[in-house]
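Handing you this structure, nothing more for now.
Chains: A, B, C and D, in written order; residue numbering restarts at 1 for each.
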């Protein structure tokens, strides 16, 4: 259990921030799926730095090179592997991290876990940079899902105290999804977006950082995906999403608000619509008993503030056992949430495709009713 | 991926609410561990109904029978299996659920997922009753962890709007842990507990239910447990905890509050204490980069309100495609949170023991420094 | 990795030879499958002792009790669990095994592996008795496969030097399969069977035991099951079959004989038959590149001689470090191969059903050709 | 389940014969292990073509490029990834394989499995070329094992009818192991090697190919590795070894010969040597009840003859449903067994290291005897 994921799809992410390259392998993609490389590139650009004034000006040429798994741009059934060469690295920024760990980072825990042999440059394997290969795999999954009528979109639901309006749990218009996917700062309410950007720029001015919340919705999912208990959609998605660096909270549907509600208020009454079973509300976030009910699947992921801040911080020298002051130089996002939006979509897409690959077996078996 | 869990430990839960029996198998327990059956019984009683005036008066004789895995009360290395016979079932309460699904329950999604072949009586495999075998396995894990200096405790942090004081993230006194483990309604602040009970009883009077939050803390964990990305402690714990019925949200350390904080505020500054590295605060909830840092591990799980309420609700007839009124009869907890407290401890214990079984390999390897 | 198995199906076997009970859980069975309990009982009787004069007269009432997973005899989608109570145990037969390990048994390795805490009575979890729950799970899988046109049969291909004629790799008649399933000593050539029985009885007279080979064939498999490399049918089957106690060799198709052949002889030339692709020979045993080709799948498993023999043997005292003489009393099969025949079928059935549950997803995806 | 492997180690192999690159990721290697790149290169050269007159003259520059996982040549705990660029490919050799499948190859089964989207050039993902990345991972595992006193060596035990002397199951001298590792045609008896080479060259002359057997031995393994049933060493090793293309049979210790033996002959009597428990013979191949007993671990893998032969063969046109003649052009090994020797060592090393990473946990737990 480490940097891999999945049951039918098998996603394995590799690389350190300043290693020669980072990348991903995906085993189990259905054969015969065209990968639209331009669309994938647009998706990866949403995660790339330097896209908005609020982000780090650091440049990352996130151009994946596909080593295998595609023939003439179409999945061939063999494992797909893609790498991104690391070019624009500045290893001089990261000296002495072996000894004086940065608060909020994995420097200290990696030191214990790997006995001092970990690669500290740029955070090593713990770097947010590793979300780039996750987005390659997830971007391909998004294309495959879209062909089956499943769309996933996310927006910045909160930055610090500033909140965007939440997704309508009964669904959003297709155009809203499209707008989110092309916006440089994806919010549903442009004014909220402006306020968020001001909060981020202020934090940067003050050599500080802020956290936030990403809300994600998947539409078009058939009812019947997922399993009870540990195979439920919540657990499967959580396993992937807590793998995204800086995620510290996750809630589905009404989530923590559900804890404050009454059953009569929270239960979604069933109703019929166009001859299909549906519900009058969607506090469940599209999941009942771990299994999709055909309503939009909704969740929110809480991101902690970027731990790399320019202000002086307290730390210790691991070798000397003394207290030390630490100043982090280098270019960092004062808020990673805007760039995390496609990462959340990618992680969700991989889990949903993985689960969907179960479904033909499952649903088909039921329909045959062999008794 | 379904009703099993774990990498070194392999926990497999079986049973339906009204099947002849429910139970659990645990493969991978270390050999030579004495299971204190009286202590285990006390632990299971914390989950059992009828213990507090706020709970269902339904009786469940949750006495596990151990089929194998123990010799003279000590684990022998072979898989352990334990079953609870289902005696006090009232199958007449649950007619017609195949046709008119209960809002907030898995009736409808199970119907789609299993093509109508699912066992509907008492919620079948989706019943909260399945947390009893989870507690057998988890109760044993708690004993094994305690022998290694790791203690886990949880309390009712919220019921509806009423909140208990949170755990002190820097740690609680041992006596507090002991009190929580013997209390019939485990809160840190007795007054909060009283207010919560009133809220629950009121909801029951009004034929309704309420949700709540369980907060859990593990102390004594060594630094260095867990892996980056998808093997992080958050993802491992989330996978298990979202397997507990009714959990819809989960957060670690500052969690969703972290999203509202600044980095300078959220980062936990390192410091030295008694010659050991520690931190001045614990917003991280004991986890950095997915790996334990030696501070108390803290998380909160949000439970939705019990979906079974006595009030009439709207539903549909799946066979006729008509809208129907539904009234649920039978005895149900107006709030499952008090009984969920040991379940959360059990799930956490299983994940922590599973991860700890990795640790000797991991830490040992590092200490040898073979270069 | 221990006493469980499978990807879609998840089979977990528990019990020790003299524990209160032994049993199995199977998670992931398709819902809606009727389990013919009489047919299952007939299948289990094929493994039971006391059925042929060559077997141990020990009685085992291998009547499974189903705890859950079935409603009205039909799989309901929830994990199935079944147990067999251990009644006819004679624990006095197995004293002092902690100290003086029996040659050919797991006594010594279990002592090291479990630090002396293992259950030694009757071989504990290493006992061949654990193949009874494997047969419960496998017997159900056989019924589900048969409904999909897939039949599995096995015969005693060799006992010591005596050989039965091999299966015709191009297929056997349906009646042959039926005869094997009802024979008390399943061979294709009755004369070979008689000779084998004489060899077994002679070995018993001489306080000794003999080994043998089981050959197994599955017909009706669609082409396209399995995956390249580690997901190949050979590896999947091997993983399960080497889990059967006493199996020390496994070969597919021509197997070890293939190593002596020329390519021009071993390659199976493709041909057309009734409009379908097939082959003129079947040295591949129905598997090419790890994937089924639609021909009968054939393999042979080599079983070592029963290690429990009445003759005096050399061993050591683990506590005293001295050489010791050991005599094993009790009733043992002088050859386990006849009783192993249904066990091999059961293990194969579980793997084939597990793989088949992948197939609708896999094949369906291909047929859609989404490019 | 496909091109990945392992529990603690996680090995994922990617690439097609004529894709831009092939490679491997290994997650879970202990941190702090120096990788001797020169030694690794020598190991990879043993698999490379063109090394012996019996092999294909085709050149493959099997120089791995390490993308990540190493810092200053030492494992850093992050996943290791290495790729080999494919340079010397001749894609014109492999036309029309989509339509007329080669006998003995995966062309037909891949066509069914992947719906015609598979990469056919050079066998695609099914190519023996994929054993090069397996050897990168395995070569590193061999170095790590050697540091812990575990040595693995293999030899060509048979080519067609010609047999080398078998390993002495009680162990071989260290020098013998060293000689095997540097020989261009590794046999224990040089005369057998000469005879084998003649058989291979004759087969080539006759536009044909031959199969053979590789025997492998691991020494220095502690007793107590592995688990009962499906976690036994035989099953773990088999799962990996049947992932090596062309392996069709596998046997441990006496293997198929055990089936012909009596118990009194096959059982290895325990004895004491230098104060340690050992055995007087090793028919068990170092494994009892799935668990290592401290004796040399021995197995033999049967390889089918190279399916690519220059002779005209019978096949069919999948599109037209007609019978066709097929002639395979290109350069192929008339016998892959010599080049398979290091591949077998590599696969065994990965499984043994994976299991060994369990062992500190397992053995440590036992030693503490916490009752």
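Some points to look at:
The criterion applied here is as follows: contacts are C-beta pairs under 8 Å (C-beta built on N, C-alpha and C of every residue); 3 or more make two chains touch, one makes a residue touch a chain.
A quick note: this is a predicted structure, and the numbers were derived from the prediction, not measured.
Traced through touching neighbours, the fewest hops from chain B to chain C number 1.
For the pairs B-D and A-B, the count of C-beta pairs in contact is higher at A-B. For the pair chain A and chain B, the distance between C-alpha centroids works out to 26 Å.
Between chain B and chain D, the centres computed from C-alpha atoms are 44 Å apart. In chain A, the residues that touch at least two other chains are 2-4, 7, 13, 31-32, 74, 78, 110, 113-117, 125, 228, 362, 365-366, 369, 371. Residues 2-4, 10, 12-16, 19-23, 25, 27-28, 31-32, 65-69, 71, 74-81, 83, 110, 113-119, 124-125 of chain B touch chain C in their complex. Contact residues on chain A toward chain C in their complex (touch as defined above): 7-8, 30-34, 74, 78, 144, 147, 228, 357-362, 364-366, 368-371.
Across the complex, chain C is touched by residues 1-5, 7, 13, 101, 103-106, 108-110, 112-117, 125-126, 130, 158, 160-161, 203, 208-213, 223-224, 226-232, 234-236, 238-243, 245, 247-256, 258-272, 275, 277, 279-280, 283-285, 288-294, 302-309, 311, 313-316, 318, 321-323, 362-363, 365-367, 369, 371 of chain D.
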